[in-house]
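Structures are listed in the sections that come next.
Here subunit A shows up in two complexes: once beside subunit B, once beside subunit C.
== the complex of A and B ==
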C-alpha cells in the first residue's frame, strides 16, 4: 500500500497549540501526533486545534491515537478543536460518536477565534 | 448511507487494518502495538491490554496495555480464563472472573487446544454498550491475535533453543581449544627447540586452507590437526628429542613412530571435524611414496595432509634445531620448491606462496605466517621470489 510518511508540525497561537498532522493516520508513525499534543499539555496548554488540511484519511489505528488525545484533554478539562476536515474524516468521527468530544470548525482561524473569545 | 452500513464498513476496514498489522514486516512489539491500536480504535476503548500466557511459569505476561495498573494485570489468574469459551468475548458484568477495575469485556485467546493469553478492554469512550456485532467482530479479532501471539512464541522457543545450542557449541569449542593448548604446551615443554612449532604449523596450515577456499568448519579442523600433529612426540624421551649428534637408525625409527602415536592419541578423541586423525597420521608422507609411516603416495594423500606436510616442513626448516641452524626464508622456499612433486604438492605450494605474497603486500588484515618469520628477512627479495614461483606454477 502506498502511504505518505506521516509527520507532524505545530505552533503556538496565544494560549492555544495548533497541530498540523500530515499524511495518512494509519500506523505507528501516528504516535507522533499524540506525543506532540502531550508536549503542549505537559506545558500546561489546555486548548488544542488540530488542523486536518493535510490528512484526508484515518483508520482504526488513527482513531485509537485520537482517542488518547481526547482522553488526555478530558482529564485536564481541556478543549480540542478540529478544523479543515475532509468529508471522510467528519463522517467517520460522526459515525463513531467522537464528534461530541470535539468542537468542529471549517477553518483554523474560526477555531482560534472561538478559543480566544468563546464564540466565532 | 445508513449509520449501520457506515459502521459495518468501518468494522470491515478495521479487520483489514488488523490483517495488515499482523502480516507487516515490523518487529513483534511494533506489530502487536499496531494490533492493539486497531482494537482500541475499533471499539473506542480507552483502556485495554493484551496478555500472553507463559506456560512454564503458569502466569500471564503483559505484552502491551494502556490504562490499567500493572500490578492488577500481574494478578490475573489464568485458570479462571481457561474455563471460558475459546476466543469467545465475555462481558464481565458482575462476574468474579477478573478483579480489575474498568475491564468491561475480555476474550480468552486460544489456538486449537492451546491457551495463548487474553485480551482485555474497558468500556467505550462514548459510554455506549458492546453490541452483538461488536462481540462477533471481537471473536474474529481474538482468533487472529491468538494465532499471531502463538506464532511469535513458537518462534521464540525455537530461537531460545538455537541460542542454547550455539552456546553449548561455543563452550565445547572453548574446551577443545583449551585442551589443544595444554597438549601443545606439553610438547613444547619436552622439546625446547620446537617451541611453538605446533602453534605455527596450525597457523600456516589454516592460512593455506583459507586461501584454498575451505569453509570455516574445515579450517578449524585443519587448525586442530596442525596443533596436534606432533602430539605423539610426548611418548619420545627428552634425551632423544634434544639429541645434538646425528640419530642412529634405531633412533630414527623411534622418532618416526611419533606420527602413528599422534594418530593413536587423537583417535581416542571424538572430534567434530573429519580427517584430523588422517592429517595427523600422514603428515610425514610424501607424494612419491617415500614417506612414513605407511608410504602412501599421490591420490592417497588428502589436501589436508599435503597442506600439513608443507607447513610442517617449512616451519621445521625456518626454526633452529639441536643438530642444525635455522634456514633463512628464501632458502627454505627454495628447498620446498626443489621437493615439489616428489614431496610437496604443486597446488599447495602455489597457494602457500600466494598467501605469503599477500601478507607481505599487506593485503590480508590478519597475517598468519609473516609475524613468525625471521625479522631480518628481506621481504622485497622474498616477494620477488614468490612472484616468480607463482608465475611458474600458474602456467598451464
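== the complex of A and C ==
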C-alpha cells in the first residue's frame, strides 16, 4: 500500500478523455474524479478512459462516485473504459456487478484503439 | 474466632506486615503507633492477615487477640452488642485456656461458661458480664453498646495484657441501628473511645470508600495509620497456586508455564478460587487451556462470581437495582469511566435519583476502584447472563474464547479518531499484520477494504460523541479475527437491504455497497450490541494459497 495523496490528472487523446486517478479513491477524491469527468462531458466528450494504474485503494464511497460517472455517461450514450486495474480492483467491481457497465482493458492503448476503431 | 486460617507456611509474602501488626501493642504503649487501617483490593488477603495475626497472638500468650467480622454481623444495635460482647468473652476465655473450641462453640450460652471463668479467677470478667446483662435487662440500648464495645478495654485494664481488636469489614458498623434502618446515625463513633485506649490497638479493614467517610469523624481519626496490602509478586503467586493444587492433588502438565495466572494480578483469593475451580472441574493434570476453562467457570459460576455477587447484594439489596448496577458498571468498563448522572440514568433504565443512589453505593463499596480483569470478566459474565439472558455455557465459552484466542495469538489494539482518512491508518496496520503473517498482498487488499468499510460505516452512521473507533486484531496462523467497536447509534445487519446496480441507477441511490463488500470478503460477520456500543466481529480463515510459501 502506497501512501500518496490523491490527485487526478487527465489528457485528451483524439475524441477520448483519459483520466488518471492516483492514490486512495474515497469520497473527496471520488468527487474530484466526477468533477474531472464532468468537465469533459460538458465539452461534449462521450468517451472516457479511466486508467487505474496508480489507484491503490478504493472504498465504497469512491465506488458510488464511479457509478455516478457511469450514470452520467449512460445519459449521453457515452462509453467508459477502465484500464490497468489490479486484479483486486477488477474482482471488487465484479463482486458488485459494476463490471457490466464498463469496458475493461488491460492497458490504456487497447482502450483507446477500441474507442477509435470499435475493436482491439 | 477465625480458626480457619490457612497454614502459616502457605501464607506468603506478608511477613513484614504480620510482624508490624504483632508489634502494635508495644508501639501503642510507647505512643509510637496506634491503630491500623488495612487497605487493599478485595481478595488481597486482608481478612487472612487478620486471621494469621490472631493465630500468632493466640499462641504467643503476651497479647490477647480479638477478631470480629462485621460481614455477617446483625446490624440491629442490641443484637450486635450481644454478639460482639459474647464473642469477646468466648475468645478471651479461649485465649486464657488455649482451648479454641470455646470460641468456636457459639451455641453455648455465657452462663454455662461461668464455672470456667470462676475457676480461672477472672472475677472482673464475671462483673463485666453481670454489668452487660443488667443493661440488657433494663433494655438500655446505648449502654449495652458501650459495654460491648468497651469490653476489650476493660479486659486489658483489668488483666494488664493488651488486647488487639481486629475489626473486619468495619465500614458495615456505620449502618448500626436501634430499631429500624437508619434510625441512629453515628453509632460507629462509639468505637472511638476504645480505639484511643493505649492498651487496645485496633486493626480494621473495610472499603476505603466507606471508611474514608467514617474517618471524617474526629474521634476515630486519632492514631490510625494506613497499611496497604499489595499483590503477590508473580513468582510467589505461581508458587501459591501450585501449593493449592498440590493440596487438591492436582498436577501441572510438564509444559505449563502458568502465564495465564498473571491475569489474577497476585490476588490470593482469586488464586485460591482458581485452584479450587480446577478441583471442581475434576482436572488432574492442568494445561494452559484448562486454566482458561477453569477461569471461565470461576468468573461466571464459581466462588469468585459468588463472592462478587455477595458484595453486590450487600450494597444494593433490590434485584432490579442490582441489574441497573450491572449495566452501569458494564458501561463504566466499556467506556473506561462514568459520565454525568443524567446520561447514566438512561443506561441504568432508572430515574436520576435512583441511579444516583446506586452510584453512591458503588462508590461506598469501592467496586469501581477494583479495576482488575477478574472483576471486569465477572461483570461481563453477569451482564451476559442477567441482561442478555444467555445460557451459562455460552457465557463461559465467551469468556474462555477471549483468552484462548489471545493466548495463542498475536494481539494488536488500535484506536482511531472518527476523522477524515483515519481508516487508512487501519489499512496500514492490517497490511503490516498481514506482512508479519506472510499473507499475500492481494489478500491483504481485500482485508483492508473490508476494514475500511466497517470504519467508515461507524464514522458516518454512529453519531458517537466519543468519536473513536476501537480495533483489536487477533492473528493466529490459520485465522484472523478483527473486532471493531464504537459507541453511538445501534447498527443492525437486519436493517441492510441489497439493491442491484440497475436498481441503484434507477433509484438514484448509489451508496450502500459497504456491507456487501464486507460479506463477500470475510468468512464471518457478526454484529453485537453491548450496552451503548456496537461491536462488529470479522473473521477470516487463512488458507494456504493466501500465504507466501
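The rule we apply is simple: the second predicted complex is superposed on the first by the 116 of 120 C-alpha atoms of A that agree within 3 Å, B and C clash if a C-alpha of one lies under 4 Å from a C-alpha of the other, contacts with A are read in each partner's own complex, and residues count from 1 in each chain.
The definition used in the following text is that contacts are C-beta pairs under 8 Å (C-beta built on N, C-alpha and C of every residue); 3 or more make two chains touch, one makes a residue touch a chain.
Being a predicted model, the structure only gives us computed values, none of them experimental.
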Superposed partners subunit B and subunit C on subunit A - clash or fit: clash
Subunit B versus subunit C as contact partner of A:46, first or second or both or neither: neither
Touched partner set for A:57, first subunit B, second subunit C, both or neither: second
Contacts of A:92 with subunit B and subunit C, given as first, second, both or neither: both
Subunit B versus subunit C as contact partner of A:101, first or second or both or neither: both
Contacts of A:24 with subunit B and subunit C, given as first, second, both or neither: second
Touched partner set for A:67, first subunit B, second subunit C, both or neither: both
Colliding stretch - subunit B into subunit C, listed as 109-117, 127-135 or 343-351: 127-135
Residues of subunit A at both interfaces, subunit B in one complex, subunit C in the other: 1, 26, 28, 59-61, 63-65, 67-68, 70-71, 92, 95-98, 100-101
Residues on subunit A engaged by subunit B in the complex (per definition of touch): 1, 26-28, 59-65, 67-68, 70-71, 91-92, 95-98, 100-101
Touch list for subunit A against partner subunit C, complex: 1, 3, 24, 26, 28, 57-61, 63-65, 67-68, 70-71, 74, 86-88, 92, 95-98, 100-101
Residue numbers on subunit C that touch subunit A, as the complex places them: 420-421, 423-424, 427-428, 431, 442, 444-446, 448-449, 452-453, 456, 500-501, 504-505, 510-514, 516-517, 520
Touch list for subunit B against partner subunit A, complex: 3, 6-7, 10, 13-14, 17-18, 20-21, 26, 30, 33-34, 36-42, 44, 46, 66, 125-126, 128
